[in-house]
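Per-chain residue numbering starts at 1, and chain names A, B, C, D and E are given in the order in which the chains are listed.
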């Protein structure tokens, strides 16, 4: 590969367009408002795509190495049903149920050990430690245990999600201020009353923090697990197979879907968070 | 007849109270040999430098801390029993409102916990909101109100379930002097109207003198009572009373008491 | 002492569950084999057999322990069969990615705090970047880096590790660089301080507690990235490669031992970073 | 001269010839400095060579031809493997006795470019692979034989030299297994060949280097065939993970020798054309759509073998 | 001769000053038609309810805010120029010490930024540490000191580079009354010793009366000056002066001024 571009026209054009988009972002960023918050990142992303397209075309990069965004876009448009099938398998059947089960189980365990400081003191360091482990290493084992279909993917996601969630929920349950707990005590509130009316609401910012971390983990877990065995559809399956077939445009199409799904997933959690923890200083307008 | 008896029966009675905290650096004697009798309808202020045990004593009364030795009775029973009988309304320095509940929701909270009926809850919320002049603010969230209003809401919350004893730990410490003046006047009115027994912690000498029928001066390391002053001021107290000779004399005595017990830190 | 007891209890509990699960899961195979051979076994006969299989579905703790011991201390640390050696390879990758991630995270955070466009344009993409499954990019990272003349095997691994570890650093640093309040900023203004002085004397030192707090998360993420990077990218050496080979050649014990070696490495890294954090905190005058 | 060789999979006896040629100094004798790059599950040799990461690669012909259709002009310059080692291994207890019994069963298959022979076989059998009734259910098999042991699949793909023995090692007796070799079913495709990029071959200097490389590699292969145990030990020394075992590799070498036997490196054009025909006959979804032109050349082997 | 002239030349002069903030809810008039002249060596206190623009005015003097209209001069030049000439030492409500620097490091900070020589820096740090009686605490970190000591350190920091004008925005608002009394005495001593011009914001009437030669009473919505009181108290002021008739009279006038301008919020 030479450093001198083969088609410098494309490069010049792309650079120009990039500059224009960039300048537009800079100007817009000075303004205030909701629309700006949305438009600027979109422009920013667009400017990167333009640069990418320009570089690929200018140096005539082989499509088996890095396809141009336009090629990827065409592939996405042409492969709707396949992409949907993969999405359904990996995200809807693997990641989402795993996420829900993992988070739910963490919640249940957190409540169960809530009354035992002893168990908490034991489980928290262990949980913190496990949360830092490369759990993905368990993927081949879980595929062996739970079979090829989505169950094993969900299992990987459950394991990956469980500990970060547990740690966050337990921390959240301890997050209420002493003054707030004392108030409950002066009213003679029971454990359950205190839990429902004080500690759970106070824990929500932590819970959502955990959910956000878990949402990206869930996606990675579900996709990686497919590398160790899967039916012949699914995002991880498609990615690994198409790399072997040099179908790089399809690989990028799946990556785009994954990024989109991940962002929507994350955005959804952030939205619910806004609704539930509207009172938290970080959420107030 | 009954009224007179209960008038004379002490509401709070501490005898030889000691309270020691076990900390990593060794024991801390937060209260040492504290003796105090508070009668029904008293307005008792606790004043003293930081760390002298004011908060600890108030918490012990509300059964939030347990004395190491000595006896402490509230309405003739143990603080724990009194708590179960809903004897306390407690107001902390910061308003301590739950940010996820509206003002109305915050005031309702103790009522829900104590199992008041829905109708009764509504009625009481209305009443105390009026009492603290926050009518119309029930649907706001705490952070949408100024500091003074928040503090009034937290007082309303403590009043809603009609506890005998109102304990306030530096309720106005975070407010500016003018707002504080007004709230002081309102607390006095409230006290006059309801006849509650009030325990009040403050750092401000004028505030203590202006409000109280009894001023308890405390001193730290170990936390103990150095002076108890029964105020000769009348029950009716306009703000101007603070420029009167009597007021200034009591204030002087309190200041002297404080200075004597105050070590350089 | 009274901190160790609960942890020990929990660990003992886990061990007990593990043994029970091992018996239950490995027994299937014992009964299957008996059936193929046309004999029958009782549970009493089966249980010892579940404890010593060559290819157990779930190896019991002592088997993993023995394999781990063999891998760690059974040979010279320079041997390719030594888990210490492979642990070191993974450690090197982790550190390269960690360093790269820190640099990238800090630089991006500086740009985001300084330039409003960066804040509005880049921050959402930083979040989106973390929702992309990095493993999908691994093959392309390998070919692209070889295209650019970076043929060293460490490079793609480090890039993957850095990709995962830059994010926590970025988020914390943005928070940290923005942590000085208006009063602290105004104070410098009354001194007539410029942007550079404000950055060096206020923003940077104020961000340090946030920075160090992010390191624990970042180092863990970097380790995950390195292992993920070792799984597919050539399976040459490192703990990830051993896990893969263990899986490929039906040697579950090798896989489990590598998994636990990775856990030990993670533990060591977190402890070390924790100590660094505490030392730094002390130097920065933070209360103990 | 420097030569970089990209393998298709991890270091194992499957590639013994190259490791032997290196260890025994055959490359050195030709004045070559060869770097052997092991592969792995996420490494597509075709992609590596396209990106300039290697000069020559080991791959299966179906994958190379598919890449050629995608616009990556790969050319086979030598074919050390004369026959195919691929087969389907089934549990007898599932009742499978012939390919006719595959219908409605679950079969494990390798993907990542290794799926093409299987797909063309199934289409020749007229079995659909999309999971519809009457067809077969296909699983993407991972890196090991667990799906058979866990009875998640009725049959799995195995190589005669590797996975088959893992099934045996796992305690399943050969009598309990039924195997279908692609070779026997008439659907064999050419496995491990050496491929380079067409445009580079136009350069005489590169041609010369490849001649030397193929000559030395074949010398290595023949040595390995003659001394299988020594060859296996050389492979073991080159395994950097340290996780491979001597028994595995020695046995693998023994089986590999059977596949390289009879090849002097020159491609059997008839076999290549059979491969193409088999791939073209993929029914509705053929692996390649038209017969490739210039996908192999004998220039290199002609010169290398002319002593 | 020269001394007399500079004595009479105003240090701070505001004429018809207006300052409007543009907020999301529309414009807020923080200062309206403010006129004030401060002479060299004056001790000016600003007092008034929350939101009356005290902080804003102080910030405008220090060129941290810019007036919408009117003129404001400091030593005869614009506040921005004065800032460049290092005319200001500013002390905020909280001590605002940087926790990662020792006390000595904190005091050095402005000196580093202003480019004083190393030797000069050392010398000045020593001098101001002595001035605020914190000698020997230079190596401590802020959190190792009590609140009062921290506040003294922050004053030392503002003094280190010898600014003409010392601006303090509720410097003792967070401290308890006893500590506050002591610091008030010390500020007076400091003022007497250095002859600096001091602008001082407070919420406390006694504090304002005790300290000032000039008391500026302000009132909110829009922020404006409602009264300027020149104190007849002598320069020498023992703490007891607060029980004197004159003191109580000024305090009364301030309180009346405040009450008049104070609206219910």
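In the analysis below, contacts are C-beta pairs under 8 Å (C-beta built on N, C-alpha and C of every residue); 3 or more make two chains touch, one makes a residue touch a chain.
Heads up on the chains, UniProt names are A, C = ABC transporter permease; B, E = ABC transporter ATP-binding protein.
As the structure is a computational prediction, the values presented were derived from the model and not from experiment.
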_Applying the touch definition from the top, give me the chains sitting in contact with each of subunit A and subunit E._
B, C
*Interface ranked first by C-beta contact pairs*: A-C
_Angle of the rotation mapping subunit B onto its copy subunit E, from a C-alpha fit, rounded to a multiple of 5 degrees, please._
175
*So, what's the distance in Å between the C-alpha centres of subunit E and subunit C?*
53
*Centre-of-Cα separation between subunit E and subunit B, whole angstrom*: 34
*Where subunit A touches two or more other chains, by residue*: 1, 65, 140, 144, 227-228, 243, 248
_By the touch rule stated above, which residues of subunit C touch at least two different other chains?_
135, 139, 143-144, 147, 231-232, 247
*By the touch definition up top, name every chain pair that qualifies.*
A-B, A-C, A-D, B-E, C-D, C-E
*Note which residues of subunit A are touching subunit C in the complex, please.*
1, 22, 25-26, 29-30, 36-37, 40-41, 43-45, 48, 65-66, 118-123, 125-126, 129, 131-138, 140-141, 144-145, 215-216, 219-220, 223-224, 227-228, 235-236, 239, 243, 248, 251, 254-255, 258-259, 261-263, 265-266
_Can you tell me which positions in subunit B touch subunit A when the two form their complex?_
59, 62-64, 83-84, 86, 88-90, 92, 94, 96, 98-100, 109-110, 112-114, 141, 143, 161
*In their shared complex, at which residues does subunit A touch subunit B?*
177, 179-180, 182-189, 193, 197-198, 201, 277-281, 284
_So in the complex, the part of subunit D that touches subunit A is made up of which residues?_
41-42, 44, 46-47, 50-52, 63, 66-67, 70-72, 109, 111-115, 129, 131, 137-144, 146-147, 150, 152
*Within the complex, which stretch of subunit E touches subunit B?*
49-50, 146, 148, 176-178, 203-205, 243, 248, 251-252, 258-259, 262, 265
